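Several structures are given next for inspection.
In what comes next, chain A is part of two complexes: it sits with chain B in the first one and with chain C in the second one.
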Partner chain A sequence: MLRFPVIALAVRWIFISVLSLPIIAGVVGVMLPAFGYFPALGQDTFSLSVFAELWQVEGIGRMAWLSFFTGVTATGLAALLAIALLATFYQHSGLHTLQRLLSPLLVLPHAAAAIALLFILAPSGWAARIGAMITGDVLTPQWALPYDPHGVAVILALALKELPFIFLMALSVLTQPQLQTRLHKHIKCAQAMGYATVTAFIKVALPIIYPHLRLPVLAVLAYATANVEIPLLLGPNNPPTLAVVVLQWFNHVDLSMRFQASAAAVLQLLVTLAALASWWLAEQIVASWAKRMRLSGQRNQLSSVIQVFAWTGALLFVITGVLMLTSLVVWSVATYWTFPALLPEGVTLLHWQTALTALTQPLITTLVLGIAVSLVAVTVALLALEAEAGFMSKRTARWQQWDKIAVNITLYLPLLVPGVAFLFGLVWFQQRWLAGSVITHVFVSHLIYVLPYVFISLAVAYRRLDPRYMKVASGLSKSPWQVFWQVKLPMLFGPVLIAMALGMAISFSQYLPTLLSGGGRITTVTTEAVAVAAGSSQRLSAVYVLVQVMLPLSGFALAWYLPGRFFNPAARAKRRQKRIAANDTGT
Partner chain B sequence: MTRSKVAGWLLIVAGMLGGMPATAVTLQFHAWGGSAQVNDYLQWVAGQVEARHGITLKHVKLADTSDAVARVLAEKAAGNHDQGAVDLIWINGENFAAMQRNNLLLKNWVSDLPNFKLTNPAQNPAMTTDFGLPTRGQEAPWGKAALVFYYNQRYLSAPPQNVQALLSFAHTNPGRFTYPLPNDYLGISFLKYVLLALNADNPDLLYAPVNADSFAQVTRPLWAYLDKLHPVMWRQGDYMVRQASHLQQLMGSGELLLAFSFTAAEIPGAVTRYDLPETVRTYAMQEGSLANVHFVGISYNTAHPDAARQVVNFLLSPEAQARKQQLAVWGDETVLDLSLLPKAARQRFVSQSSHPAALPAGAINRLLPEPHSSWTDALREAWFERYGARW
Partner chain C sequence: MTLALNNLTIYRHGEPLLSIDVTVPPGQVVAVMGPSGAGKSTLLDAICGQLSDPFSYSGDIILNDQRMNTVAAHRRNMGILYQDALLFEHMTVGENIAFALPRHVHAKTTAAERHEQIAEQLSSVGLADLQDRAVQTLSGGQQARVALLRTLAAQPAAVLLDEPFARLDAARKDQLRHWVFDTIVQRGLPALMVTHDPNDAQAAGGPVIEV
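After this line comes the complex of A and B, so read on.
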């Protein structure tokens, strides 16, 4: 029989290969046709002619620029606002309120955020209705949003989704026990020297936490430059962003368009790289400026600017969030709603009935897929972490370092390589060499996206476990498996459930991987929601988004509720006490 | 008459008599699945053919009919000549032209269907012509559609009645009209309507295969028209909707005052579901409405040609056609010539209480048949060439 540590080590290698192999295969699968090699379509020589043709396509430069511009601007905006919020609220009682307000938005699928924003930005939304109340207009205004040629609506939606991610990532860095005390001391010191709290945070704390934030921010940036669903729903189409056009060309009836699509996917990869490089360059410039700024000795530098920015941002964010949610709820039950009335004429459950009938099958698919993917991801992540704790600690320092680098690279690979650049190639590989049902293909492509998040989320809790428990258990001659199963897992019950919920939320939100790997044959709530968003019924679309919102939230609610009930020694002791007390009074 | 035809006849007759079910076969009906009403109707059809003929009919809901065409083509290329995955297919226009060109359809079976006679094909050439192409018995007519317009009566009392009036409407109400991109079915139909209307004096060229000279001559007024229309369209014609359904959504939200549809019945349906305002009214242009017939074909490599014919014959029965025409069901106009039906059967087609947003009876003044199918691609390509590759 295989020993548990060996299995755990094997899983760690499987973990690395599950993440890296499909992406490498996918990128190769896109590169080949881009360089003119696609035997299925009768092309088996390599050339640059496809790129030459791509260059001739009208507006290709503009498409690439739009992808770059919207991605970089949105990430810049979100990162600056996240930092400003932290600086302003770091030692403020509002920090937890803010955390609670932003967390739900983290699990909101990108598509849902985009559709929800559509409801506010549209000339028939509440903002326009309130405006018309003042001006007395009876017709909808004709403003530029959404679908504006510069992608402002896209930037807003991306920033809306990215801000919570960056903010909460930074918060988790800030609350790391060792770092927290160190930062606290630094800031206290700076304050004692007369620095304003905000300035102290920017000058002392930020240089320490930013290196921890860099990778998540770059992942966000890469994602933003290559996202498909947001520009598809909110962006221009004369021309659209590059990612959208890649999708359209790959799905074109004319199969020869695949060459051009592949070349465009490679261009997308370059655009994303260019965005990452620009970010790095901007970091250097800001760093050298910040160094001078730090040494200037000014005690209140930027303090008021940052505070105004943070408060305005937070306020706008909260207003937008509340408006989005109420708009969705009201539209989802609205009967006739003439412009510029502030409320619909009546309330109906018709749209919910229609949607729930239509959504039954996609809902089941979504749940089964999400649960299966998360279960596998949590198992793999746990065993990979177990291998790190058990087997790796006995290896040389150099081996450990290599292992760490391999894991870190593979973790961020799916987040840094744009989906449009590898998913088409992956689908081609899957169809060409891997027989099997469509659902397996979708499963694999979801797993690629779910695993990193599940791993990151579990790793924090896993590495925080007090090693003395394990030492005691081992000392009582328990096998590694028994230590894992009977000591560690019950202690990790809460974090495991959170990781499950996170994994499901990530799986629920996948649009492109589901669409491509499933070839349109697997429909989930998210793919249906995007399809319905451009459909004839705004009301139905609102219901779909609300279902999208409720799915991950109910997962997290369970993850928060269950640990209090199970594997909770404190609760068990309390219950027993209660029982004893009850018995006592009974006798 | 070949032996298989005789067998087919016998099966059909047996089926009509309600006798024993032919064989326990399952047919895959590949049909666009984007409309809940159509899907529900096909579900009813499936129940009927199951009960009558013991045929299990599965509706394969297509997002794009060309997917099914590509599938049959791939099967033919792979040498699968008698076990095709596509048994029945709902087609017309370009997709029919492509299937006919590649010999992907079963031939000469339509005139043998007992119910086909009820369409009065001798007097009604539209039943055997698909976008200018003779159908050659490869597809049976199923329904009729015409391009109708609808407007919001609350803001607009007299909607435009012809293309020129439409242009002046757009000029006096900038930003309140648009049309979908021409890779959408409704978008290209709008272009064809304008083209036919602007060439009303001499439409013959449009019913012949396209060539460079005829194209240049016929489209000249079209481009002049669109050049004037685009700047006064919704969002100055810079962003144009990708799908017909989005057009209806914009009518619903009040951003547009005038729009159009190929399915007149969906307008009252949408009003009932609150997706369009109560003040919406449907009408047809005075100068005529672009119209076409949609058909059902049988793939050449179906394993069950006889069962497939039985299903098509049922689709053409007065009962199935009358149900399809009901507004509450689908609202798709029948292809049967009602004068050929017995009185009782004709009674089924009498319309029930009409909806204020529905197209009034007899509103369609004139039918403008679709141009020859070769015009579609030429028109679309030229449009994108001229107005930019929008995706």
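After this line comes the complex of A and C, so read on.
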């Protein structure tokens, strides 16, 4: 019989290979045609001619620059605002309000955020209508946004999505039990020396928490430089960003475009690397400047600037969020709506009926895929963590260190390597070497993206468990499997459900992996939403996005509700008391 | 039942941290005294099989003439009590004790009988009617008593105590201390307690080892 710790260890190694092998295979599968090797199209020699041709493509430099510029600017903006918000609200009662406001945006799919922003910025959106009310125009204005040549709309959408991620990541670092008490003391100490709260946070707390934030921020940056759905929906068309053009070339009817597409994908990889390197360089410059600033002795430095920035940012953010949601709802039930009227002439549920009928099949696919991927991801992540706590803790320090490095690299690999740079290669590998249906290919590509987030989210809760509970259970003669199944899992019920919901939200939001691995044969709510947004019906599009918003939120609502019902005698007793009290007053 | 630690030395990064050589006969509580950071908790980890890097040990752990060094933690049959009760919050008070009952007890009794037994045990320590309560609703002293009942329910061959009374206030500490030691002595269990409180060591009534 296989023993549980052995199984857990095996799963930890499977975890590492599930994340790294497809990405390595994918990058190789893109590299080969980029260097002129693609036997299926009759090319079996290596050369640099494909790259030479790529340089000849008009606007290629501009495309690469757009990808770089939009990604770096959006990430810079989001990171600065996140830090300003933390500095301003860290010891402020508004922190929890802010957390609640930003959390739903975290699970909003990128495609949904882009479409929702499109609704506000579009010439028929509320911004234009309000503008027309003031100026008295009756024609829709010729806005520069969206589709502007510099990608400003893309930057806005990316920043909108990245800010909640960076902010909540930082908050989870700040609320780690030991770190939190230490930081509180540090800040109090600085305040006692006369430093303003905001300045104290910047000078004392930020240097401690930033190292914990670096990897998540770099992951966001890499993602932003190579994202497809946002520039596809909001970006300039002539030329588009590099990632978009890679997608277009790969899907070109002329198969020989594959060479150029592969070379462009390699270029995308370089653009992302350049963005990461620039970020690192900027970090060095800021760090050396900050070091001098820290010792200047000024007590109120930057305090008011940061507070104004934070409040403006928060306000704009909330207004945008509210506008996005209300305009989606209004459009989804709108009948005839002339410009520049602020509201449509009537209300109808017709669009909902049409959309929900069309969405039945994609909805089922989305749910089945999301649940299956998350279940597997949660199981794998739990067993991998179990191996870390069980088997690995008994090894030598060197062993543990190697294991830790391997896990950290593979964890961030899917987040740092752009999807367009490896997914095409992966699809080629899957079709060429692996049998199996399209749905398993989609399953694997979703798993690559879901697993890291599920692991990171579970690891925080798992490592926070008091190890003495396990020692007590061991002392009660419970085997490692019993300790895991009867003690750890019930204690982690809440975090496991949150991880499930997070995994499902990430699976729901996948656009590129679904599109490519599915070969267009698997449609989910997200792929349909992007397809419809490119079409003509704004009303239908609004319904699709609202469905996209509701899916992950209902998952999180369940994850929040169920822990009060199961494995929780305390809540059970409270409910019983409530019932008795209600009966007493009733009679 | 006897617990013997033969030339047991704990190392941290290969440097010796503390050494102990003692035989604990049945019904005796041996106290190990020392300042914090002396490796007292690590010593208990070594005895119950939970030692992890960077710690290691040499010497022998003998329980009832059996060498325990290579026996897995959950097969050593050594109960452990900490300063916190560490009752499982996803189980009721009664479930916590039922969870600890060994397999053979489960096999021989019906659920109703076990329920009855647990009720008796609880009322014998002044906790009648608390069986179906959530553990968070109990006071610190009540939780500590349930924790000892749970440890004993597993029918251990030895008991390890890690600063078991450090969290209690002075009045309750005295009361609980005597009850815990009396119970261990009555059951004829060998017990090893680490503490930095001289009163604990004195109340235990057994040999005191300074490390």
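Here is the rule we use: the second predicted complex is superposed on the first by the 571 of 587 C-alpha atoms of A that agree within 3 Å, B and C clash if a C-alpha of one lies under 4 Å from a C-alpha of the other, contacts with A are read in each partner's own complex, and residues count from 1 in each chain.
Basically, contacts are C-beta pairs under 8 Å (C-beta built on N, C-alpha and C of every residue); 3 or more make two chains touch, one makes a residue touch a chain.
Keep in mind it's a predicted model, so treat the numbers as computed, not measured.
> Between chain B and chain C, point out the one touching more chain A residues.
Here the partner covering more residues of chain A is B.
> I'd like to know which partner A:469 touches here: chain B for first, chain C for second, both or neither.
Second partner only.
> Identify the partner contact of A:320: answer first if only chain B is touched, second if only chain C is, both if each is, neither if none is.
Neither partner.
> Looking at the overlay, does A:538 come into contact with chain B only (first), chain C only (second), both, or neither?
first
> Which partner does A:237 reach: the first (chain B), the second (chain C), both, or neither?
Only chain B; A:237 stays clear of chain C.
> Once the shared chain is lined up, is A:479 touching chain B (first), chain C (second), both, or neither of them?
second
> Of the residues on chain A, which ones does chain B touch that chain C also touches?
After superposing on chain A, no chain A residue contacts both chain B and chain C.
> What does chain A use to touch chain C in their complex?
For this pair, the touching residues of chain A are 393-397, 400, 466, 468-469, 471-472, 474-480, 482-483, 486-487, 490-491, 493, 567-570, 572-573.
> Under the touch definition given earlier, write down the residues of chain B that touch chain A in their complex.
Residues 36, 63-64, 66, 70, 154-155, 175-176, 181, 235, 238-243, 245-246, 248-249, 252-255, 266, 270, 273-275, 277-278, 388-391 of chain B touch chain A in their complex.
> Given the complex with chain B, which residues does chain A contribute to the contact?
Chain A reaches chain B through residues 57-59, 122-124, 138-140, 142, 144, 147, 149, 236-240, 244-245, 248-249, 253, 334-339, 348, 350-351, 354, 358, 520, 534-540.
> For chain C, which residues are in contact with chain A within the complex?
45, 48-50, 52-54, 73-75, 77-80, 82, 84, 86, 88-92, 95, 99-100, 102, 132-137, 150-151, 153-154, 156, 160
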